Amino acid sequence: MQEQSDSKPHNAMMPEDTPELRALYAAFEEQHLMPLWTQLGDLMPRHPKPKAVAHVWKWADLLPLAQMAGDLVPVGRGGERRALGLANPGLGGNAYISPTLWAAIQYLGPRETAPEHRHAQNAFRFVVEGEGVWTVVNGDPVRMSRGDLLLTPGWHFHGHHNDTDKPMAWIDGLDIPFCQQMDVGFFEFGSDRVTDYATPKFSRGERLWCHPGLRPLSGLRDTVNTPIGAYRWEYTDRALTEQLLLEEEGQPATVEQGHAAIRYVNPTTGGDVMPTIRCEFHRLREGTETPVRREVGSTIFQVFDGKGAVVLDGVTHTLNIGDMFVIPSWIPWSLQAESQLDLFRFSDAPIMERLAFMRSHVETDAP
Amino acid sequence: MQEQSDSKPHNAMMPEDTPELRALYAAFEEQHLMPLWTQLGDLMPRHPKPKAVAHVWKWADLLPLAQMAGDLVPVGRGGERRALGLANPGLGGNAYISPTLWAAIQYLGPRETAPEHRHAQNAFRFVVEGEGVWTVVNGDPVRMSRGDLLLTPGWHFHGHHNDTDKPMAWIDGLDIPFCQQMDVGFFEFGSDRVTDYATPKFSRGERLWCHPGLRPLSGLRDTVNTPIGAYRWEYTDRALTEQLLLEEEGQPATVEQGHAAIRYVNPTTGGDVMPTIRCEFHRLREGTETPVRREVGSTIFQVFDGKGAVVLDGVTHTLNIGDMFVIPSWIPWSLQAESQLDLFRFSDAPIMERLAFMRSHVETDAP
Amino acid sequence: MQEQSDSKPHNAMMPEDTPELRALYAAFEEQHLMPLWTQLGDLMPRHPKPKAVAHVWKWADLLPLAQMAGDLVPVGRGGERRALGLANPGLGGNAYISPTLWAAIQYLGPRETAPEHRHAQNAFRFVVEGEGVWTVVNGDPVRMSRGDLLLTPGWHFHGHHNDTDKPMAWIDGLDIPFCQQMDVGFFEFGSDRVTDYATPKFSRGERLWCHPGLRPLSGLRDTVNTPIGAYRWEYTDRALTEQLLLEEEGQPATVEQGHAAIRYVNPTTGGDVMPTIRCEFHRLREGTETPVRREVGSTIFQVFDGKGAVVLDGVTHTLNIGDMFVIPSWIPWSLQAESQLDLFRFSDAPIMERLAFMRSHVETDAP
Amino acid sequence: MQEQSDSKPHNAMMPEDTPELRALYAAFEEQHLMPLWTQLGDLMPRHPKPKAVAHVWKWADLLPLAQMAGDLVPVGRGGERRALGLANPGLGGNAYISPTLWAAIQYLGPRETAPEHRHAQNAFRFVVEGEGVWTVVNGDPVRMSRGDLLLTPGWHFHGHHNDTDKPMAWIDGLDIPFCQQMDVGFFEFGSDRVTDYATPKFSRGERLWCHPGLRPLSGLRDTVNTPIGAYRWEYTDRALTEQLLLEEEGQPATVEQGHAAIRYVNPTTGGDVMPTIRCEFHRLREGTETPVRREVGSTIFQVFDGKGAVVLDGVTHTLNIGDMFVIPSWIPWSLQAESQLDLFRFSDAPIMERLAFMRSHVETDAP
């Protein structure tokens, strides 16, 4: 799709400011009406002009604040979670990282329990470091370890408990802003403790579903959300390693030269893990620079390992482990890998694709 | 789905107000972080609590104001359309009738032309009275007459011209608020005049596609949007008439006793006409009262014919021809038909269904 | 897909004929085993080599024989139908017009009734001339008139009765051969008379479903088979007429120059009317010659109106009203229209497409 | 679905045998017509009455004959494969194990190569014992080892080579009979040797796709056939083991008490591995007896491990490792596990489901 010029034609619909016109506009207001012609440019821009801005949060800032919250704020029923939402500076004091997505760092102290609840909002957790917490999803205890993606789709009861004497932090991703703006949210409190304090290495969902290409006959009905509660780092790492090896062997396997990537999918359909949130993991070879991209919808990355940089709307930001950044709709971006660079990514792409709004643009030659 | 009680448990996460806590909260703000525990209730309500309110606009108010605008405001390039958006009183001065939808009354004077443009936003027009305007969609002139539904799906060029010496008004429905909040909008200007001033009785899309159960072999690829540009009143009226006759013959045909309804669909899939907007037409027999319903998502009705009332959140509003009302998410509503009551309906249900957020509740016995 | 050469390489697997080999082959037979290497060419040809042959049946032969059967053979329970199956000369005495399809001429005398039954096999009727019979499908009486396509999908009870003092003949199409070879057939007798002798102009299915682009809210669940029991000639004729008019106006509308065509579809999905049988209607302008085509699967045509010819595997056959011909898999064919030529077509294409075996080839220039 | 009674009503359509009738029947024959009323019962049975019979082949008979073929018959171009097709005794001398499926034991001697070719027919191999052969599918070498399922979907080039000094045997499954009867077969010779003699432990398809729940971004387009060339025993065994462990823990995981099972699926869709063939693996706990089932379509089992019996149409057959048996459409069957019993299964169920002919019946209590 080719960019629209921003040269706006003269507005033929600007009538002379007369008492009659003022009276008319006053009558509009009284009747809860607003003219299109005075605000078309804002309502219908040439291309997405998000209020949200591109922004980077440094793990070195996030983690200490989460730890302090751990010291000062108890976790429990009512507030439910010790989570710090990343608030996009452009979104005027809402805890939204983008118009659709919520991202937070959550912190659970030694032996603490975050009580159970369920909500229409879809949620996942990703673990950049640490271990020792189990999240219990509809009664199935799921271990949380470094590099794992854990899912709690809409209306699944879930709570967390820390089985160790060390605190643990991770990131949460949800579609809270989308649900709030669309008025689709439902919420229900569950048990004040988690319903099962067992600490198995693998959840029942994994034991039933995590066998490549094999589907249990007891699970032949397709599901809206993935039945897999945990996508383990071991598999993600192996998949990316193989893609880069295949590339070296001259085989088609990577997205583009030096860029391996997987999407976490629902094994019953091959589609996204949840209806509103796409989760992916990307690995760049040392020295790789991706082309400049623009995409409809908003996306968030967290650096899992390595050093590099992201160029957001022309500004370069260096990246270290744990750093998070948001790319609003249609903002140009590219990645640079100083070392091998591993990044977890999530976005609202399923919303854009299911509603046929997705567009993307790749700059084929750098300036 | 059973309603949640609103009794909130005591919030265990309200720490004492100490200097340390204040310092922590200040640090959050500096780092663009917001705690979940202080705002959970607003972010994740027990059930949808829309800011948008149920509201009724009377045609007797809308039409005269549109006519006055016709006298005072020229139509042309820049403002593009002489359209008055219905602004939901709960949505703080935005021209949104709901968080997802735009509804407006558009007015075109004798011999006037509204210039061509295209946008990612999906649009339709419905004609409650009058005739004489043709809308030209991707070069195909489409007659607009009473009771017709006219479609201009996303990224289709379209303009309108009035071929008569009489003005004409109709309603527009679009997904402007959704597109603005989701940052998915693209817009492009087209010809300053419409590209074809022909005034055929039927558009080429109708001639190719409006033959029940027949698909042209030249159109075997399924399309995201319906290829039908105009759904004619003659067919809608006949379909509803037959449903009520079949009901009288004791045959299953209506939604519920005395309530006939059709959905306008994309003949290539049998699904909704556009990815974000559902369009339906409902007819109630004289004396019919519908049960009280709650549904996720927002819906708008316009009375096409007859007299009756709508009960919105317990408040009864009488209805006459042309009156429009909006029902925000999860607000209870029911209809009452004083005479045979015909209503055009549109909603954002396809968004809710495609993203698996749809829920509905019907009160089986009145309190 | 490019044609395979038929030059077969020398067979390296022809061992010397020794007593040991004979003993081995005997042992194979005793153990119900057969070697692949001795029969590969027959089991796996370079391209489809159907046993079925292209063949034309003249209406001038069919109709008189059906009439004689009407004089000599009563219709009733047990034999169920006075139907004459067109037996492909290549299929060794089975009443199969192709390996998948059955085609027959059925004849019902004045005031006769063909009793009700149901079967897993999918069926339709097409009326090349006459009127006066109603087919009762799951209790819904469906008028049969010239040019109409009538459907009785699998496991729908159906019977016929002639409401007049004149006999009537029509053609039946079913997937009997496919069902017999695949062992999927079930059959159940119903009422010895039809369950409803009413003779309405339109069936209930038509009254509910035959409104272009409109779907009853009482019928939102997609169905395997079309809910439309009768596709009327009036609509088919109009659709084809419009396609040719649009072509004259320089608009894309026809399959190819001078060739208009529609497919009968299931309005709940936009797909074929039944899972195994595709039904279409084709109209060629006077003087039109279609390119030579090959397609996987078998297809049958009946001339509905006009004069012309079909070239089957290089042999030209003249065509008149009512004439039927079958084109087995991968046999080259083309049509020639001496006058405007109307043809009804049915085929097993849905089987080939759903199982991913479909291939087709169009000769772009004659040798 | 309730069984139909077989009491046939008197046939009202048996006219007196007169000269006129004989003349009519003669005229039918001359015109390639056949009356329905004389053969309805055979064409449309009350329920499937397959010509194919239930039959058991003992591995102890199959393997020695394959070995003898290895001594007497060279493998090479022309015959292509040293494969012995299991010929259903009811199907009159065709090498069909059922009306849709082909099953064979294939044998490859030390250092032998089976040349490359491709065909529209879909194929798989399953290894009940041995190792050392690599099958090269579209240039990707795939190791064949005990318990592995190897796929060569339609129109993929494939050849085999034995990299060892020991012979190897395995079973092939194809849809040859279906393709032959439907006239959909295409065949093309490829390289006389395999195109790649490498012997990697894992094929490129496995390295790209066999990571549970992870999809490569380079493979986002859904495919008709699974992109996985090899389903390894290690994963199958683990999946079944976990199901039985979960059952012991009181969790829903198995098909029925004591009966674990997985389906091999296409990870891009979650559906069957190929459009016409379903592959599954079943494990019964020692002592388990399954209820008596009838299903539309034909299915074949091979015992992979353990001892037990199958009851086919009321007749009990004991089972040992490698034994194969076929169950034609609607024939009642049940399994009995003397020890833990492992069985590989394949069937034509995708055909029956995609064409909406599938029916099944489980006897809830034995007579």
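All chains are identified by letter, namely A, B, C and D, in their written order; residue positions are counted from 1 within each chain.
The criterion applied here is as follows: a residue touches a chain if its C-beta (ideal position, glycine included) is under 8 Å from a C-beta of that chain, and two chains touch if they have at least 3 such contacts.
Just so we're on the same page, UniProt names per chain: A, B, C, D = Cupin domain-containing protein.
Everything quoted here is computed from the prediction, not taken from an experiment.
The chains in contact with chain B as well as with chain C do not exist; no chain meets both. With contact taken as defined at the outset, there is no chain that touches chain A as well as chain B. Between chain B and chain D the centroid-to-centroid distance comes to 52 Å (mean Cα coordinates, whole Å). Separation between the centroids of chain A and chain D, computed from CA atoms only, is 43 Å. With centres taken as mean Cα positions, chain D sits 30 Å from chain C. In chain C, no position touches at least two other chains.
Partner chain B is touched in their complex by these residues of chain A: 1, 4, 8-15, 18, 20-21, 24, 27-28, 31-40, 42-50, 52, 55, 57, 61-62, 65, 68-69, 72-89, 93-95, 99-100, 102, 104, 119-121, 154, 176, 179-189, 224, 275-276, 296-298, 328-330, 348, 350-352, 354-357, 359.
Remark: chain A residues 204, 207-218, 220, 222, 226, 228, 231, 235-236, 238-239, 242-243, 245-246, 251-255, 261-270, 280 touch chain D in the complex.
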